[in-house]
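Letters A, B, C and D mark the chains as written, and numbering starts fresh at 1 in each.
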């Protein structure tokens, strides 16, 4: 069975003239698929999945799976507000050739997303899913937290193989790791706490920053696994500012601008998201440059 | 031009065997359309709009507009995460015969929904919309607040005619009313602060409770407008518990159960929402009964 | 027994060279005691009570009670983290001649201030208090909310006569009023929702702004009680910006600067609070001037 | 100069019949001072410092310093709402023989505790302090966060030697460590993230759990420093439940009950804090027992 391990990039979806730019995506994918990444996530939060139409979701998933085939595993984001739509997307992802699905908490009816409701949702979805299910805890976007207790309970389901935790509460991550069955994989959801998560027993991470610095992110895990704690820690410290720049600080507009700076296609995000302003772009360039990984002109 | 005034019910969407039950909806609509309500909102939060497919949204809007034609105005909820999808739904709503559109804030990318981004979103949408636009502030679900400052700025747009405020911060409501142009309508988003909102100058409300007690909710406004302050206040006090029961306390499951208790069709909400538990149903019945409006068996 | 009614000013404590300036306080008090206020609160949040030594608290309370004697009632803030210290301050307040005590929730151990702990605290304190007790709900400072349910439960205690609610959740205020015994007084804790609180049945308010515009704040209640709803509402709308300026926006530094602008002694707040900056002072002057109540130079 | 390093216990203050029980404290201190702890903190949050009178604070500090003299360093909590009172307590702590002072953010006027106000507060206090100053970030109690940016700025002050961070945001801890001067010590404020903090470069921690399991907490750091990562990690995992029991879950009542279970004097906390209920006590015993460190009857 598919095992969640290593560093994944939750790939950005490139747009041009309001449509998905598949030629640009192909080039970007070539970079990621030839990198040291363990795999890619399509239609994650950084992939602007909530801004895609049902038709685009299917087309995009197919395209990425086809490109990645034989090279790296593809995890497809299939979370939706309704159970039925999530199930439909899971079927779609399976047909397209994905290796697993990543399912964010339904989140519009926050007050009603109690632990029992979420437990039922994930259980129903995992029961029906043709692909292994990865929980996706994303409190910053969803306004909902998958508690360690709930994750541990769901980890017993044979078709739920792991969690991507983007909450970043390190004790919650520790609680998941120490209480879940050993074959349940906990993934850091952000590069800023990859090192500490690995130290606790996480098996890798899905990191926005891996779109920009895939090899450096993957190297952090390699250093850690080789017991080179000081180097791993120093690399972790180095990555925080640039990771923050493409997540909390400037979000997807920042991520796409950073991609352009390393030679990928970024383009504008889809409205209502707005492209990064020029002044922020200059500041972003400085942040990336300070890492020392940034190709000098 | 359409003017937002009076008490509206954000109507529940009835499901049977997983599909929209139009025969049941027809009967429910008859009750609401013959009541003292000023109008109905289709595809509001209580209409489970995020759980409907694009096809269902169109079919449902058409059905409600057809039934309501010549009887009461219809406001259609058309908010979506992407600007393009919101625009598409606005066109659909216009073709179906709606009188206005109600647009919730995009909300998945919370960190990026700054005031300038929201201002641009609503301006773009209002520029293109064939129907008058009503802002929808729903912090409890969206995790985002439309500040009074932003609402007042947007109120200058000729195609933005009002706001439904479900945040319930009474000073924020006062700020909107006193600073926006006089033709901009502020609507209470919940029955629990209808009276105080009217006292400040709100022109009405869109109230989940109006699905259940349409005439009583409408009566509150009539009493207020007739200067019967004590009666209006007493009625307000009476409505709070039952309103809370069908909103914050038990949400849509509570609303649908309450509808059944007054003789409408409620049915189960769409998963992941779960129907109200039996014990809660008994408690709900007591709450409704205490109002004195509840038909005794 | 003492009955909580009307508009109170939670008076600022004037400092000069790091000490309480009693001569300045005497002049300020003359203004407030000759105004239309119903009473004063000494050692409220605006009185910087947490920045006073035990000796200063006693001296200050005695001074204010002596000045106010025969003119207006004095409510003394006696909240402290420990039950014992609160009880000690209550005895002190009684000996000094206060009419009632205002007791904020203990708040440092937030996680442990559950409803049962708060219920026990207020009950123990009220049992022992020689003066009637007023609950003080101040979530913005305390980080704790006295729920309507808890307030209603405590309202049954014969020595607990009311609550000052500075939370401003208008439905919570409605819940307290409709569910507490009729002799329990609910006071608005801020001028911005005085009108709506009165409309629901509050008996008055303790308002930072009443330090600056005592007669105008008192007039709002008179207009309301005379059934002049439109005038009351318009005055409410007028007061919001200046109230905001001396509370949420600029806090005690803003309040003290505003006092200086109307001819009272303000002075610097006690560190760590810093005096208002010059630029903010100019902006504050504009806000006060826009009310039309502000004496033109 | 004093250097902040190792594991400290923020010692509980024992009460009997409402007074500090110095005979009980002496026995408890003997246990801690003979343990592997690096030092003790008197009048931390776990010492119920906000519930002590000024006289008790002085007496307690003197007592602890006298007992610890020549054995282990003493850090004294001297935070107060006013700058002047904090300075006074710093003088007191110095005279009593403390090695450093730990100063929590003033926190009642939350809205006004901006970064510039906090910067000025800590700078003024550190300028005047006869002892080295340790910042104390305690968002759960104070409702205020000392940002990494502010901590790093303050770290430049020659008399500010470190921070105890009880916020637990691991990226914030990383930010402080990587950006502050190397002689600035970052201390974990809770046993649940001691291991991950050490991995990032923290120099130790002040841990409620160290009252109960001092040697086990100290051992975690020793294992880490010896490069025994797996053992350190496993010990970390073991300590989380018991740490949670004496902090977030049951607070000081839980801590005092746990102390009794290992043979120390616990006693009741001071009201309004209430002693742990019997049922919770049983559950607590189970949690402690599961560690394997708990002496079997």
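Basically, a contact is a pair of C-beta atoms (placed from the backbone, for glycine too) under 8 Å apart; a residue touches a chain by one contact, two chains touch by 3 or more.
The shown structure was predicted, so the numbers you read here are calculated from the model rather than taken from an experiment.
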Topological distance between chain A and chain C, in contact steps: 2
Remotest chain, chain C as reference, centres from CA atoms: A
Rounded Å distance between chain C and chain D, as computed from the means of their C-alpha atoms: 35
Cα-centroid distance, chain B relative to chain D, in whole angstrom: 50
Chain contact graph, described as a line, ring, star, complete graph or other shape: ring
Residue ranges of chain C in contact with chain B within the complex: 168-171, 174-175, 177-178, 192-193, 195-196, 199-201, 227, 229, 233, 236-237, 240
Chain D contact footprint on chain C (complex, rising order): 18, 45, 50-51, 53-54, 81-85, 106-113, 116-118, 120-121, 124, 140-143, 248, 251-253, 270-274
